[in-house]
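A, B, C and D are the chain letters, set down in written order, and residue numbers restart from 1 in every chain.
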Amino acid sequence: KKQTAFSLSERLGLDEFLSLNVWRAALGELLGTAVLVFMFDTIVISTLETDVKMPNLILSILLAIIIAILLLAVDPVSGGHINPIVSFSAGLIGLISMSRAIIYIIAQCAGGVLGALALKAVVSSNIERTFSLAGCTLTVIAPGPEGPVTKGLEAAQAFWLEAFCSFVFLFASIWILFDHRQRNSIGMIRVFSIIGIVLGLLVFVSTTVTATKGYAGAGMNPARCFGAAVVRGGHLWEGHWIFWAGPAVACLAFYVYTLIIPDDHFHAEGYK
Amino acid sequence: KKQTAFSLSERLGLDEFLSLNVWRAALGELLGTAVLVFMFDTIVISTLETDVKMPNLILSILLAIIIAILLLAVDPVSGGHINPIVSFSAGLIGLISMSRAIIYIIAQCAGGVLGALALKAVVSSNIERTFSLAGCTLTVIAPGPEGPVTKGLEAAQAFWLEAFCSFVFLFASIWILFDHRQRNSIGMIRVFSIIGIVLGLLVFVSTTVTATKGYAGAGMNPARCFGAAVVRGGHLWEGHWIFWAGPAVACLAFYVYTLIIPDDHFHAEGYK
Amino acid sequence: KKQTAFSLSERLGLDEFLSLNVWRAALGELLGTAVLVFMFDTIVISTLETDVKMPNLILSILLAIIIAILLLAVDPVSGGHINPIVSFSAGLIGLISMSRAIIYIIAQCAGGVLGALALKAVVSSNIERTFSLAGCTLTVIAPGPEGPVTKGLEAAQAFWLEAFCSFVFLFASIWILFDHRQRNSIGMIRVFSIIGIVLGLLVFVSTTVTATKGYAGAGMNPARCFGAAVVRGGHLWEGHWIFWAGPAVACLAFYVYTLIIPDDHFHAEGYK
Amino acid sequence: KKQTAFSLSERLGLDEFLSLNVWRAALGELLGTAVLVFMFDTIVISTLETDVKMPNLILSILLAIIIAILLLAVDPVSGGHINPIVSFSAGLIGLISMSRAIIYIIAQCAGGVLGALALKAVVSSNIERTFSLAGCTLTVIAPGPEGPVTKGLEAAQAFWLEAFCSFVFLFASIWILFDHRQRNSIGMIRVFSIIGIVLGLLVFVSTTVTATKGYAGAGMNPARCFGAAVVRGGHLWEGHWIFWAGPAVACLAFYVYTLIIPDDHFHAEGYK
């Protein structure tokens, strides 16, 4: 087994809590997540505000671009996570120590709060109320003919959607980031573009498949949801555990998957 | 510390004021900024004129293309700045001497004026009045049911938006231009495309999130704002300091960030 | 000075008038320009005919593609000019001899006439009358409530627009074609795509900024204007000198710019 | 002269009629053309059916993508023709023997019939009648106020349009496929994309410029026209010779052009 090559203490890496370089790298994660949250949420608001035919298509394309660029910016500083899902599964698989993963996740949550604060500073109060700072919610309070109506997903539906989307995210894109052979042969920019495109597609699919207007898609980033919830509060805390538990289940499932698949890449002969 | 390797006199580089090559390179900056201002402002006017669903999306895409191409054109001549923010932070970080940065900024301001003059020469006077030569304004005078109404942002909101957008611009794109390791591995065209895309996205986001019709987005280029203000004058001078102070704060924050993050790029092992 | 390395006779290259290879290459220019004029003008007509929101945006995108592909096709035969502006500035800068530039320009004009003839053969007579074979005009005769109305630009406004757009065309795109260092590092396809995009953007900008419906944008290609004027005649000859004089001024300005800027490319150190 | 290096018997290559490999390759051409005709015609019908502003623009974009993908698929089997125009000019220029060209053209015609049959099997009889299986026609029977009206092009106009478009197709895109130096330096995917884009543009241009509603654009592929005519019959046979004679003239003109242009690629020095 590949992971047993590392001792338990190496896997935990408690000494990294005292390493200045880890905390410096965490600053990159913090700022990266702050910018991500600010841009992500303003894009969600901007496109849902506008009266276009397919707002979620435009939304998804812009998200894909933003994520690709920010991963590129943070990559040399910290390895390019800006998402607790990525840091947690990187820790599980043994790519980074668990201590570093925890430090990164703390920094990402702080960044999420910072981004949500920056958004609150520039957004008009009317938009803030309507969109709840584009936080992660299951229910949306929409104006109905007989007063505001609460529409949304049930907790179970939301949990599985969150877990499933997070697993697809890890399975279809993050594996390239973790597999240095693929990463080198494909090239940094394309890898980050693929990650961005996969996340954009998942947001596009999750917004339309549920057929629930106002639901802004699967969260797939607990730090983003945490930031908006801290700054805006209120109903954003309802069901907030789903945005942590869903991705956590996905990370564990992805870890089991990496243990099962063969170590060597499969190469067919190809016709000559 | 990396920057202390240079002596103070090297950092200031006062002798560059006497170097003909620096002034020649500044000509590239001047013309580049002039073309940028002319194209940028005509695109702003063209798209806001047209009756489309999402003028600011088209606006942002075209701006991204324009900026990428102009940076490519000016890069071999002067290093591809055409923006006082880039020159100032390049000077702070020690990429170029402070003297060269100042010469570039002067050239960029002159270019901004030139571009605004070229625009004034071809634009019809009616459009010039409506759009104020697409200059950087906080307030827009819009026709209301009871005479013209002044709509806009408050100074504090605009200042933070300007500072935050400029920081995101530096954090998410300009760092690649300054980090020669990334620049070489990514390739010139892609670097400039990323810079263009980031600026386009920031304009898109800043125009919609403030929910103020007519506000053409964060300036993020003091030279562009300066050119329009000189040629058009009037209310464009109100709050003009914001378009200089905001980016200046962002440059200083970015400088502090580059001092804190680890010098070496982070490289995970990759799972084997 | 770089150009004085060549003797005057080399710069003139009168012997090239007797070289069969130059005339063979000119055939490529002739056919390339003919196809360009045919495609360009049919696209102008097709998009202005159709009832869409932003005809000039679609027009500009299609033009960008057409120009990039045709430059690619003609490049190995003659160097890929198909535009008197490119040939004239290539001759001025010393990339090709002045004789070759003149032969190319003659071939381009012949090609322009051929393309306009081919267009006349397939276009319906009604469309021919409405759009004047999509020739370069300052004035457009539009149906008004009280008989046809002549709308358009004044000669001075049109001249500066023509000169400015031609200069931007040279400054922002053609310099890559002329600078073999950039050309090699960027790659043939991207260079021609950039040229196409810049021309498309200039047409987009020049059509809207003047706020004159029906005006098809700056010519930026005297051979195209010449072809339509010869075949269609009539009011296309009015102000035809502008489509030659404007670009000529731009070529001279670009030549002066290339003399002033430093010979060596600027390379910053990059922050370490 | 380059072609005289081959003997006449080599150019004819009559022994290839007995080569199993040529017939195997022809199977690739047959299937490729069948899929092309089926996809092409369903796209034509789908877009003309739909109530959009610019059906021919969407049509052209989809055609460009389809053609690029099919050429990519057939290329390793047979060289990627799926069009008698390409096979005939490849035979003329000496890229393949004339025998192979004839075998390919026969296979392409059989493929055209197969594709038209497949389309007839799935399409509703009402649509089949309205669109004539999207075959190549000069005249369209449209419902008028006083019974069905026959609208269309005159034979001479259609012949020149067919010949001119086929020549542009060869001149602007197919030359890259034939010139192995360009093909290698540009890359397979880009070459096929360019061919697809050029064909899409020509269809776009030829549909609108003739100002005849229902005319589906220049054929530019005799095998496609042949298939629809065999399966549907009737008025599709009127003027069917034009879709063979027009391209044939274009192929001969292109052959003459390749004989005249210089053998060596033109390389300018670049300004230093």
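Basically, a residue touches a chain if its C-beta (ideal position, glycine included) is under 8 Å from a C-beta of that chain, and two chains touch if they have at least 3 such contacts.
Treat the numbers as computed from the prediction; the structure is a model and nothing was measured.
Quick one: which chains contact chain A and chain B both?
In this structure, no chain contacts chain B and also chain A.
Using only Cα atoms, superpose chain C on chain D and state the rotation angle in degrees, rounded to the nearest 5.
75
Please work out the Cα centroid separation of chain B and chain C, and write it as a whole number of Å.
Distance between chain centres, rounded to whole Å: 30 Å.
Between chain A and chain D, what distance separates the C-alpha centroids? Give it in angstrom.
Result: the chain centres lie 47 Å from each other.
Which residues does chain D have that touch at least 2 chains other than itself?
Chain D, residues with two or more chain partners: not present.
Answer with line, ring, star, complete or other to describe the graph linking chains that touch.
Topology of the interface graph: linear, an open chain of contacts.
Throw together a list of every chain pair that touches.
Applying the touch rule to all chain pairs gives A-B, B-C, C-D.
Which residues, counting only chain B, touch chain C once they are in their complex?
These residues of chain B touch chain C: 2, 21, 24-25, 27-28, 31, 35, 38-39, 42-43, 45-46, 49-52, 58, 62, 65-66, 69-70, 72-73, 75-79, 90, 93-96, 118-119, 121-124, 126-127, 178-181, 183, 188-189, 258, 263.
Please output the residues of chain D touching chain C within their complex, sorted ascending.
Answer in residue numbers: 53-54, 57, 157, 160-161, 164, 168, 171-173, 175-176, 179, 181-182, 185-186, 190, 194, 197-198, 201, 204-205, 208-212, 257, 260-262, 265-272.
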